Amino acid sequence: MNVNQMNINEDMKIIDIIDEFSASGVLGAGRVGRSCELLANMISQDDMKVFLSVAGPLVPGGLRNVISTMIKRGHIDVLITSGANITHDLLESFGGSHYREYGFDDEKLNEAGMGRIGDVYTKSDDFEVFEKEIITFFDKITKSIAKKNFNDPKSCDKHNIISIKDFLYEIGLLIEDENSILKVAAENNVPIFAPGLIDSMFGLQLWMFTQENNLVIDAIADMHDLSDIVFDSDAVGAVILGGGLPKHYCLASNLLKGGVDAAIQITMDRSETGSLSGAPLEEAKSWSKAKCGSNLVSVIGDVTIIFPLIYAAALNKINK
Amino acid sequence: MNVNQMNINEDMKIIDIIDEFSASGVLGAGRVGRSCELLANMISQDDMKVFLSVAGPLVPGGLRNVISTMIKRGHIDVLITSGANITHDLLESFGGSHYREYGFDDEKLNEAGMGRIGDVYTKSDDFEVFEKEIITFFDKITKSIAKKNFNDPKSCDKHNIISIKDFLYEIGLLIEDENSILKVAAENNVPIFAPGLIDSMFGLQLWMFTQENNLVIDAIADMHDLSDIVFDSDAVGAVILGGGLPKHYCLASNLLKGGVDAAIQITMDRSETGSLSGAPLEEAKSWSKAKCGSNLVSVIGDVTIIFPLIYAAALNKINK
Amino acid sequence: MNVNQMNINEDMKIIDIIDEFSASGVLGAGRVGRSCELLANMISQDDMKVFLSVAGPLVPGGLRNVISTMIKRGHIDVLITSGANITHDLLESFGGSHYREYGFDDEKLNEAGMGRIGDVYTKSDDFEVFEKEIITFFDKITKSIAKKNFNDPKSCDKHNIISIKDFLYEIGLLIEDENSILKVAAENNVPIFAPGLIDSMFGLQLWMFTQENNLVIDAIADMHDLSDIVFDSDAVGAVILGGGLPKHYCLASNLLKGGVDAAIQITMDRSETGSLSGAPLEEAKSWSKAKCGSNLVSVIGDVTIIFPLIYAAALNKINK
Amino acid sequence: MNVNQMNINEDMKIIDIIDEFSASGVLGAGRVGRSCELLANMISQDDMKVFLSVAGPLVPGGLRNVISTMIKRGHIDVLITSGANITHDLLESFGGSHYREYGFDDEKLNEAGMGRIGDVYTKSDDFEVFEKEIITFFDKITKSIAKKNFNDPKSCDKHNIISIKDFLYEIGLLIEDENSILKVAAENNVPIFAPGLIDSMFGLQLWMFTQENNLVIDAIADMHDLSDIVFDSDAVGAVILGGGLPKHYCLASNLLKGGVDAAIQITMDRSETGSLSGAPLEEAKSWSKAKCGSNLVSVIGDVTIIFPLIYAAALNKINK
C-alpha cells in the first residue's frame, strides 16, 4: 500500500484531517488515524463495553467535559481513574477552578498558596472549600451506611464498610455541578473504579475523617463488581489515557475473559524501561490481558492534544 | 566554575568514575554525580529517615538484592512500592525466577505460558507455585488476626481487618528466602507501604481469597502509621525510582511536615505532560511536599543502570 | 487566568478544536493553541520572512504536499532541509512512492529490496529510476555551468563550482512533477538550503557523478546568500520541524541580526542531554539566535500529527 | 536463561558492576552489559576498523579527553563528528573552557556574553580568542594549499580547494594543546569526517574568511576517502553517540560493503517518529547499512553517563 501525501486547506473539519492522516497511514499520523477508526468502532459496537482508563492530570488539563460527554452519550461503560482526577473534579464541582500563567518559581507559588502541575495551577482557597464540603459528604454517606446496617456510627465494635466504587457513586449523587464526572457517572450508572484513591488529596481527607469516624474503605471489594462486569460483557474495549495504576487495573481486570478485545492507548512514556505505562499494548497478549488477534493501537503523544482530536472525529464517524 | 574534562582508564572503581562525573558536573553525568553525593549524605545523616519509593519492574529488572541490601544495612527506613514488585519478590521467594531471551512474539509467549515485561519474562509454573503458597500465607495470617480479636473466622458478622503495611509485615515473617525484600524488611522492622497493592497478581489472589474468607484490607489505616513516622522524623529524604503511585504517596505523606528535606529521583518520564511521574522534584515545593531550600536531584535514565551505580558509589563514600 | 474545560462535538472544524485548546491553554493542548496562533501571525505579517526548517522523514511521512502548499501560497520564504527530504521528494517526482505495511523483519526487507524508515518503506525499483534520472539532471546542470563560465567540462584544470542552493534551484527547474517541493520552490523563487545535502542518497549519486565529471559543490557559498536574506528582512520567523542540522543552520543564520523574532518548534526530543534538537527555543536567546522578547513556542509531539493540524487551522485564521 | 539479581558492595570496580549488569542481562542494565562486551570486542578485533560517530554536546559535556584517549590508544580508526564538537574542541585548545552553574535566564546570559547548552556555558571572551586564532590557521592553510598548487592565493581565476577531512588534519597539525581531539587525530592519522562542518561557529568563521580569501571547501571529496577506508577494511564496527548527520554519514558510508559488521548506539531519541536519530540499529539492515547477522546494541541513555562507563569497563576487559 502507498503512503498518500496529505492535503491541507483552510476549510477542514477534524474528520477531514483524520482522513488525511489515515490516507497517509504512517508514523504518528497513521497511528492517530487508526486509533480514531478503532475508537469509533468500539463505541458503535453494541456488544462491546468500553473501559476508559485515565491517569495523569486530565481534569486540570481541560478534559473534564470530554469525559463527562463520553459518559452522558453512553460511550463509556466503566471509568477507571487515578485519585487525582477525582480530587480535581471535586475541586471544580465545589466552585473552584484550575489556573494558568503563574510562572515556575515553585517557592513563590508555595507562599502564594498555589500548587503547580506542569503549567496548570491550583489555589489553596479552592482546596479549603473542597475540604469543608467533602467532609459533609463523608458524613452523610457514613450515616447512610450505618443506617442501612442498623449500626451505631459512634460504636467501634461494628464497622461501616463500603467499596471505593460505591463510595464514589454516593459522592456523585450528592454533587450539584452538571459537568462533574462523578455526578454524570452516578446519574448514568457508569461505575468508577479508583484503586489508588487513597493516594490523593481526597484520600488525605478521607484518612483525616476516619480518625474520628467509623468508616472503612474496602480496598478489594471492587474486584468482585469489576469482574462481574467483565464476565457479563460479550466484548471489552479499553481506551487507556496515560498509564499507571489505572492502566494495569484496566487490563488486569480482563484477564478472567482472556483479555480485552481491542485497546487504544495514548502515552508519552517509552517502552525500554519495561515499565507498564510505556509498554506496547501487544505485551498484554502475553499475559492474556489482550486477546490474540485483538485490535491494538498506541499513539505516542500528549493526551490533551490527541484524545479530544480523536474523540471529536470518532463522534463524526459515529453520526454517519 | 569549569567543566573538567573526564579522564578514563582501565583500573577505575565506580567511585572514580562518579568523581569524574562530578568534576565535569554537567548534563547527565553531572546529575549522576550530584545524586550520588546526595544519596551518601541522606544515608549518613543520622537524623534523616530515608524513604525509598519504587515503581516499575525493579525486581524483574535485577534490583531485588540491591533493595534488600539497603534494608539490611539500615540505609532505608521506609519502603513504598508498587504491588508488582511485591508479587515478583514473592515469585522468587517461592523458588521461581525471572527469565530472558524469549523473544517478542507475544502470542507465542502466551501459548507458552510466559508473560513479558520488556525483555524480562515470567513462567506460569512459577505463578502456580506462587498462588498455592501465598494462599497458605493468607490463611495463616487470617487465622492469626481472628485469634487476636477473639473472632470466629467463618463468621460474617465480625470482620478481620488489617492494614496493608501490617499485612506485608506478616507475609514477610512467613518467608524463608533470605534475599526476599519482604522478609528482610520484616526482620529489620522496615515498614512497607503499598497503596496500590490490590492492583497486582498478589491483589488478584487476595481478592479470590476474600471470596471465601473473612479478611478486609483497610486501605487507609496505613496513613496513620506513615504520618506518625513523618512526624517523628527530624528530617526525611526520599529516593524515588520511577514514578507512579509510590512517588505520589511518598511525597504526599511528607505534606504534614512541610515536605521532604531532600530527594533524588531517577526516571525516564518527561515533564511536559504534567504527569507526576515525569514532574521535576522542584514542583513538589509548590505543594509543600518538598521544603523550600531542599536538596533535589533528578537523573533522567534507566533505573536498572543508574541506581546500582549510585548506590555502589554511595556505599564507598559512606565507608570513608 | 482560568483553564477552560474543552467542549467536543461531532461537527467540529479544526479551527474549533484549536480554539478549545487555546481556551484550555495548558499542557500540550495549550502549546498547540499558541503555536497555531503564532504560525498564523508569522504568515500574515507582511514584513516577516518565514524560514521553514525540516528534519526527519517528512516526505516519507506524508507532508510533501503540505510543504509544497506552503510554498505555493507564499507562506514560506526560505526552506532549510535535510538531504533525505530532497532525496524522497525526487523519488516521488520520478514516479516512485513511499509504502506501508511491510512489517519489521529488516533482513527480509533487505532481501526484497525495501528500505525501512519507521513504518514507511521504499523500494529499490524506485531508487533505480531515481539514480538514472538524477544523473541526467546532474549532466545537464554541469554542462550549463560550464557553458556559463566558458569552461570545457572535460578539463580538470578549471572547476565548475555551484552552491547547494543554486544547484537545488537548477534541479527544481528540470522536474515535471507539479507536487515536487523542489519544483514548486524553484518556480516560486523560494531558496532551499540543505547544508547536509552530501549526506543522503542524493549526495551519494552526486559523489559518484563527480568521479567522472568536473563538478564542485561549494559548501559555504550559501552562507552569503542566506545572510543577505536575513539582512534584508525586517523580521524573521522560524518554523522548526524536528531538529538536527537544519535547526542549527536556521537559527545560526539569524545571529547576524540578533536572532529570530519568533519561532515555533515541533519535536519529540528532550532537553536534558543538552543536544540542540531537544533544546528549548529559549536557549537560543543566550546565543543571540532568538531576540530577547521574541515569541517562542515549542510543541512536544510528532510532526506528522501536529504540523498539518496547526497549518490547517492557521490557514483558516488567515482567511478571516 | 535467568535474570541474576545484581549484588552491590562498597569496593566495586566499574568492571564489576558491568558484570552484574550482564548477569542480570535485561532492561537498561542488560543493554549496557552487552554494549560494553561488544565495544571491547570491536576494539580488540584486529581486522575491524572502528568508526566513532559523535553528535550532541560531547566536548562541552566533558567527553573531550575520553575521545582523545580512544584515539591515542588506537581504539578509533575513523572519527565522524558534528561541527559543534570541532568548534568546542578548538575553544579549549585556544585556552578557553566550558562552564557551569550560571542559571537559566537566557536573556541575562545573553547580556553577560554567555551561551547556554543545557546546563553548560560558554563565554564570549573565549570565542573572541577562538576567532582570532582560527583565522591565523585558515590563513596558513590557504597559503600552504596555494603553494602546493602553484597558485597565487589572491587571484580569483584559480581556486584553492581542500576536502573537509584534509582541512581538519591541517588544523590539527597547527594546534598545540595535547588534549585536543583534532591534534591527537592528526598525530595519529585518524581521519576526521565532519560533513556538516559548515553549520557551526567554525563554519561561520570559515565563511567570513572566504569573503576575502580564495578557499573552497569541497563538500563531497571526503566520500572518496571514506569509501576507500571502507573498501580496505575487512570489517567495520560503528560506535554511534547521539544521532543526527554523523550517524547517517557513518552508516551510509558502509553501504558499499553491505553494511557495518557491528554497531553500538547510545541515544535518548525515540523511534516512533521514524527519525534516524532514534531509529533502532536493526532498521539499518534493510538498507544494507548493517549486515544481516551483525551484532547491534542500542542503549537508551545519556551519552555523558553511559559512554565513559562502558569505555572504562571495555578498557579493563581489553587489558585482560
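Per-chain numbering from 1; labels A, B, C and D assigned in written order.
Simple rule for what comes next: a contact is a pair of C-beta atoms (placed from the backbone, for glycine too) under 8 Å apart; a residue touches a chain by one contact, two chains touch by 3 or more.
The shown structure was predicted, so the numbers you read here are calculated from the model rather than taken from an experiment.
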Partner chains that chain C and chain D have in common: A, B
Most remote chain, CA-based centroid, reference being chain C: B
Geometric centre distance via CA averages, chain D-chain B, whole Å: 39
Whole-Å gap between the CA centroids of chain A and chain B: 25
Whole-Å separation of chain centres (CA-atom averages), chain B against chain C: 46
Numbers and ranges of chain B residues touching at least 2 other chains: 26-28, 57, 60-61, 118-120, 268, 270, 272-274, 300, 302-304
Residue ranges of chain B in contact with chain C within the complex: 26-28, 31, 270, 272-274, 300
Complex interface listing, chain B residues touching chain A: 55-57, 60-61, 82, 84, 106-107, 109-110, 114-120, 159, 161, 164, 195-200, 203-204, 206-207, 210-211, 216-220, 223-224, 242, 244-245, 248-249, 252, 255, 268-279, 282-288, 292, 302-304
Touching residues (chain side chain A, partner chain C) in the complex: 1-14, 16-17, 20-21, 23-30, 32, 57, 60-66, 69, 92, 97-101, 118-120, 179, 268, 300-306, 308-309, 311-312, 315-316, 318-319
